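The data blocks that follow each hold one structure.
In the two complexes below, subunit A is the common chain; its partner is subunit B in one and subunit C in the other.
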Partner chain A sequence: MAEPTHEPQAKADEAQAEADETQAKPNEAQAEADEPRVGVYVCYCGGNISDVVDVEAVAAEAAKLPGVVTAKTNMFMCSDPGQQVIADDIAELGVNRVVVASCAPSLHQTTFQGVLERSGLNPYLYENANIREQVSWTHHDRAEATKKASALVSAAVAKASRLEPLEPVEIPAAPAVAVVGGGVAGLRAATDLAKAGLAVTLIEKELTLGGTVARLDNLFPYSEPAEDVLCRLCEEALADPRITVHTGTVVESVEGYVGAFTLHLEQQARGRTVEATPDADSREITSLDWRCEAFRGYGPGEAFADEPVAADDAARALSVPVGAIVAATGFDLYVPPEGEYGYGRLPQVITLLDFIEWLSKQPEGSVPTFNGQPVRAVGFIHCVGSRQVEGVHEPGPNGRINEHCSRVCCTATLHCACDLRDKFPDVVAYEFYQDIRAYGRGHEEHYDRASLANVIFLQYDGAQPPKVVAGEGDDHPVLVSCLDGLTWGEEVEVGVDLLVLAVGMVAADVGNLATSLKLPVSADGFLQEVHPKLRPVEQAVNGVLLAGTCQAPKDVTESCASASAAAAKAYGLLASGEVKLDPYVAHVDPELCEGHAACVEECPVDRAIAMEDYPDGSRKAMVNPAICTGCGACVAVCPTQAIDLSGWTLEAYEAMVDALLLSHSEVSAL
Partner chain B sequence: MHPAPEQTEPPILVLATSSCAYIAADAVGQAHLEHPANTYVMRVPAPVVFPDSFYYDCFEKGFAGIIVMSCGHECPYPGAFERLTKRIDRVKMGLKERGLDPARLRLTAVCTVCTKAYLKEINAMDALVRAAASAAAVTADGGDAT
Partner chain C sequence: MNAVHYDTLIIGGGIAGLQAALDLADQGREVLIVERQPSIGGAMIGLSKVFPTLDCSSCITTPKMAAAAHHHRITIFSYSEVEDLTPHEGGYTGTVRRKARFVDEAACIGCRQCEYACPCEVPDEFEGGLGARRAAYVPFGNAIPQVALIDMASCTLCGRCAQVCPKDCIVYDQQDELVPVDVAHVIVATGWQLTSAASKAEYGGAAIANVLSPLTMERLLAPHGPYGHVVRPADGKEPASIAWVQCAGSRDKSLGVPYCSRVCCMYAIKQAMLTSGSLPFADLTIYYMDIRAFGKGYEEFYRSAKAMGIEFVKAKVGRLEEAADRSVDVHIENINDRGQSEVRNHDMVVLSLGMAAVPDTRELLPLAIGDDGFIDVPHPKDAPCRTSLPHVCVAGTASAPMDIVDAIAEASAAAMEVCREGDRG
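Let's look at the complex of A and B:
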């Protein structure tokens, strides 16, 4: 049964080879020169379309459209025989624009563009009519569906007739990447990139590497020591001759574009640099002393803050040329305002990070103490600074409340409560929570573990958070009360010796990196990806990739995963030595441009469009295709319609509107 | 070959962004969620590409309603959504000056999985343009449109 499938494929391969050798350039040149000769191919999709849409009628109507030289149907256009029909028509009928009426373009646009390319046509001379998702799967009346399918095909033909051959924008790319942020995500990305063969500049604003993870004791879900994970990552990064590390260094500004960014850095006194060299043996990082300065095993980077500056230390400016940038700038922990749950007023109210450090320092087998007082009961409040409610919580310094869930604090808090009970079984632990969101692999087990360890849970409503007061004359210095949802709203008050606030993750100030490149941020302030599923680690600014918690709250596992994804994307971008960008960017017709510069004023991207002097003394707009994002804002404001979007021209849209309305009005045509 | 629709329904143009709303429209199809067939989706990178005149022309040519389904504040093109909102506000005022109901032009944000929002917008606009068409028909027949 395999032979019938393989034989056409073999023929297609042969045809492809022949086309590559003999036909590619003539056909492509011809497409530019000739009048549009549109081929329309309507797919049955094995009944998915034809059960509702009369595809033969659609093809018959399409054949009458101006510029259409052939209109055919096929059971599966995406199959090898289906593709061969198109290839044959390109070769035999001189078809130079192709419309396939089938499923969504996300599924087979590249398939059909590949047919054009193999047949010597420019792949951008292809247009799709989506008559499955948008017709046969959403409309059940055969007449209505057929009419709509014909209208969509006529619009696609109108657009295809106006398509011009396009070439990807190709830019020489430096085989080097800047990773901004030396926390766990930055280290992961840097080592992955270096292993792929790219030169990496790792930039850390603190004096030591490791970020927030350097302040943790052990990591959920499997409780491996944070120090072990970080040591391994740091040693890998510091031992790789392709990685240059700058600590105590911030990004002052960035200029350029994908393939050719230049980062201007400012390194403070006491900041350290280890230059990458081709000879690993000459690298100084083998010196244990230096490694200890770059990364002090376990502890916050601020440890250096009070050390004197050596005489030969001085701040200095650096410039680093790279092809891509990985943002791994991490997050900030929410800082409760004074008085929130007693924070800043009651010394026994601390954050989860403070608690982790405190617990790690308590000797096992003794009664734990805080400020010299024995600790017999500890309360944990979840969602502090996360999932805030309008009207209940005060906006922060940025003028907004934090509506987002920080995701990791539920499991982190459960993990800490379990660690507390394991180490000090006589200490009572209370958890005040809204919902337990232990979402990841191995996370729910900590909820079970906490329940088995007799951690006491009290559920509060986000609109009525727990109240905290000083326990005057009480057995405990802090009293926490809430309306407990687990006991149907009963008001419960407990006394604790230590109250731990599970503070959330908030967006860090990315500083000049974000402002220089105008990086988009989401409503919660974190750097925003182009698309959460289709382009999850790419920024709208080409060549900028996202790793770790600069994008959203993540745990260490997720941060490392996104860092590796960002590294892979950066490698894919730069590996060939040149960057190929979609050609869907603005272009100017100098004949029409009268130099109004409205496009320059309207363009939201710096330097994407500039006014250039022409030899005749005039000034006309010129687009930098490497910087233009292709939004089209300029198109709408040009008084002479001199600027347009390649592949998505305004004229094509207007023709599509006309075609849709004409088909729609032809009630009795079918 | 098969019975044709008996009359033309007032057509609605949906300008759907490639990154968000167009994917939602496909998701509606994948879920086989039926909705009025008088809606025509045009895929656009960002609707900010269309000048004011494009909308006026669409209405003049025969579209009864236009829904601009953008990515909202999650627009992948920095600054484009802000410019779009200003333009749509301006066009709505222009429609009013032209004696057209500004509600026939709707700007909304539809994410890739917003199938319910997509259907809600489509159905609401369909109800609006059908009511307007009925009222116009009554007026044309000499009846009282109110």
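Let's look at the complex of A and C:
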């Protein structure tokens, strides 16, 4: 075998060598070298499958297949009693290959592999037949669905009979995490991980930390100053020597895999002097302007230096090796296209964030003014850029409408209207809404408070949004009208001096982080979790976790909770210092390899396969199992069939196709 | 008896407690889960399917239950309660009462022979009282542990279970066992309870047979539920029209529940969708004040319900009355129709009851409790799981009503909070 070139490669090679050894050498201790004895387990899924598929018939058909020693059904195979059925059969019937016909393997493959492992079988002697997503959820005809389920089971049995024991690829994991985004979620995740003992690199594209929350005055529902929350988080992050903060920095590219990612960063030239850490004594300065300046940038080694950064520093590139990545990239505020509710045309039409800043600057005890004009009435329109309706709203720059609810705007708007009425009791407030979604603890109280403070509510239908026109010669510069559901559809028009649009949250461009790693996104454009309940903060790309609003609209509480959850997962992943990867990767038979290098040319992944010099002077292909994604492109082009995929061999594929064709011909003959 | 040491005690083995336990155990910590019921799984294991993915609830809950049960760092005391907790050397000491099952838990193999032999039938609480169970029973099919217990309040001591038990594990004179424990951290994951239907006289005070609690409706909708089909509990008739009354236990000062329970809009929409699958010709109506479909994918879910033909009527239901044919007259003020008072008749009505706090931990720990009965935290924005007491965190609905997605996220966050506190020192 070739000399290792660098450390991870060497480990990976060792793992490959071990894997090869395991595959080459029959393991006497285990039954898998014996004749395959397949157990087939068909799940009712509590009706999810059995409502459409005759589960008992599928099991009866499976029992007739060659190599199958038992075929059983259970209401929930994934439940403990269901798992016990498999464990018992392994112990008592000598079952040594397991096929579970149930939901998609993404849900419970690891659950069932765990049963094999606990029962002393190699977990890779497991095969799934997906008869829920691919059969019962997509077909209605019971007879046809049952036949298709049987066909898929027969293919799975054919494959299972040819499975060989495999060992996971074990790679060392760097005890370090990159947190991308320095808002509340990123700060919270960073401090959690540092407290747990991991090295954290916190990357923020702006020059200041704090994200959108730095632009808020106080936070619903308890009116806690945003500054207090941010100061707590920033002070802890900046004081922790395990956290390195890079502001004004973007991710240029990411390479590698879980346990061994490398982030290539570009830090912009600051061209400005930064001052010392904000401390408790400087808190008398509480304006929003101050805060935007306060949570400013630090580079490595600079966080505790008293010396300000030189004003003439240059842009520079950095590379950071980490074991996991927490995406805390936040959201964008919806920007109304020019003319939506008069935005961009009438100067008195502003967003909720603008309003918060405006209100914080109005001196108490006087008539508030906007652009020098007195403000006596303020309108708030909910759901701007959220809950959009096809055919009513124009698609945004991304070509789609925002069907989603932005979750925070209702309570935020109620909170603002209450603050306005508290500060200026003579100013009239109108809220144009669809449903008031004051869902969280302490939120409904603001709805109550707003009602008691005589905020006037008008309810519109999402398909008929309010109309906004300039008030010409009127008492007020802006006129808002809608068909008000609360007065049973009456057309109501009110004049306001300021119209506030409660703009929603839309998915932010995650940039090169997303493109480098090909991170999946949901239909709403936000980053997609693996499963909202089973793996709510994990991305399909192993080692990438989701914190805060990059996943979906959330308030500060929910962002911090999800950030801590992401930190918990990252820590759990890296705590042992080692990451185990599935061994479904290519392997080369050096006996057959003639050094054509067609595989290297075909391989879509950098460094996954390369030609190595052998001691006998020949050159043969070698796979790095940590990088290989198991796509199989190399298998298809190898002229000598020297490459195959562990766990997905050509022979197994052929057997599956044969089994499917056989059941198809039987189905057709019926 | 020497105290048994664990890193973290988790009070409550519902979905939040289980998730927190799994995260902590994966970090290398020894965890004890104390669950009051005879099985772990909490409220979630009794649900039919869950919004917005319509995954069957069991498919999501049972693997987490099994993973916790099989984890070598997790110990589960089911049918047990924490009796007391006292601060001790940077942690807590306390006592766990392991209630007598009248079955030798270690020897029982869950074969259910005792259950089949038992002559006493009582309403099955897992099925919302719709089915019957025996006095000697395994709580439900997916229960963990798969161990029988005897409900002594219903048992006649006839001795048949002991005769048939192949492992001789029926112990009629078994006593509660008190286990002293010593832990570094505590996570309170005691969950929630339904708001009271009985206290709302206008809705029949829980006395109208065809006015259902939402959890009973979940069991009717579960394919493995008591009837395997949606029928009226009063007479077994297939309902041709079903209504859901939103905010039946929430946003109602007369009930002492002024807050929003956060999950009822979505579960009602989900139940209506599932009903439309099993009874495609039934008329389905949801009476609501505001539809609060705020989570990821929820608004989209709401829209597909509307597209399926489920009728949403903006109206506060004033009164429910039982009609002569045991159907239900629903008195509404219809905001969609000029605020007219109307009486609409439905074969069956589901009350969308809310989430109320459980009093469990108040005597155990001097935690700050809000007016709503839920646990207060000093920094709700940036540390939602950190309580007013050192070494005590809160996970899931013990701190506020929340849905499963949010409860799971908070549970993992609570595990991280424990990790931040570090080891006992």
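A few remarks follow.
The definition used in the following text is that the second predicted complex is superposed on the first by the 376 of 670 C-alpha atoms of A that agree within 3 Å, B and C clash if a C-alpha of one lies under 4 Å from a C-alpha of the other, contacts with A are read in each partner's own complex, and residues count from 1 in each chain.
We adopt the following convention: a residue touches a chain if its C-beta (ideal position, glycine included) is under 8 Å from a C-beta of that chain, and two chains touch if they have at least 3 such contacts.
Here the structure is a predicted model, which means the values were calculated and not measured.
Touch criterion met: A:Val605 reaches subunit B, while subunit C stays clear of it. Judged by the touch definition given at the top, the superposed model places A:Lys533 against both subunit B and subunit C. Looking at the shared chain after the overlay, A:Ser516 reaches neither subunit B nor subunit C. Once the two complexes are overlaid on the shared chain, A:Met656 sits against subunit B while remaining clear of subunit C.
Of the two partner chains, subunit B is the only one touched by A:Cys631; subunit C is not. Judged by the touch definition given at the top, the superposed model places A:Val556 against subunit C, while subunit B stays out of reach.
Once the two complexes are overlaid on the shared chain, A:Ser106 sits against subunit B while remaining clear of subunit C. The residues of subunit A shared by its contacts with subunit B and with subunit C are 522-523, 531-534. Listing the residues of subunit A that touch subunit C in their complex gives 44-48, 50-51, 75-76, 78-84, 103, 107-108, 111, 114, 118, 184, 188, 192, 195-196, 219, 222, 224, 229, 232-233, 387, 403-405, 407, 435-445, 448, 485-486, 488-489, 522-524, 526, 531-534, 536-537, 551-553, 556-558, 560-565, 567-569, 571-572, 575. Every residue of subunit C that touches subunit A in the complex is listed here, in rising order: 23, 26-28, 50, 52-53, 55-56, 58-60, 62-67, 69-70, 110, 141-142, 144, 146, 222-224, 251, 258-260, 262, 290-300, 303, 314, 335-339, 370, 372, 374, 379-385, 399-401, 404-406, 408-413, 415-417, 419-420, 422. Within the complex formed with subunit A, the subunit B residues making contact are 1-8, 11, 13, 19, 23, 25-26, 28-30, 32-35, 37-38, 40-46, 48-52, 54, 57-58, 61-63, 73-80, 83, 87, 112. Interface of subunit A with subunit B (complex): residues 54, 56-57, 104-106, 130, 132-135, 137-148, 151-152, 155, 518, 520, 522-523, 528, 530-534, 540-541, 584, 602, 604-605, 629-633, 635-637, 645, 648, 650, 653-654, 656-658, 660-661, 664-665, 667-670.
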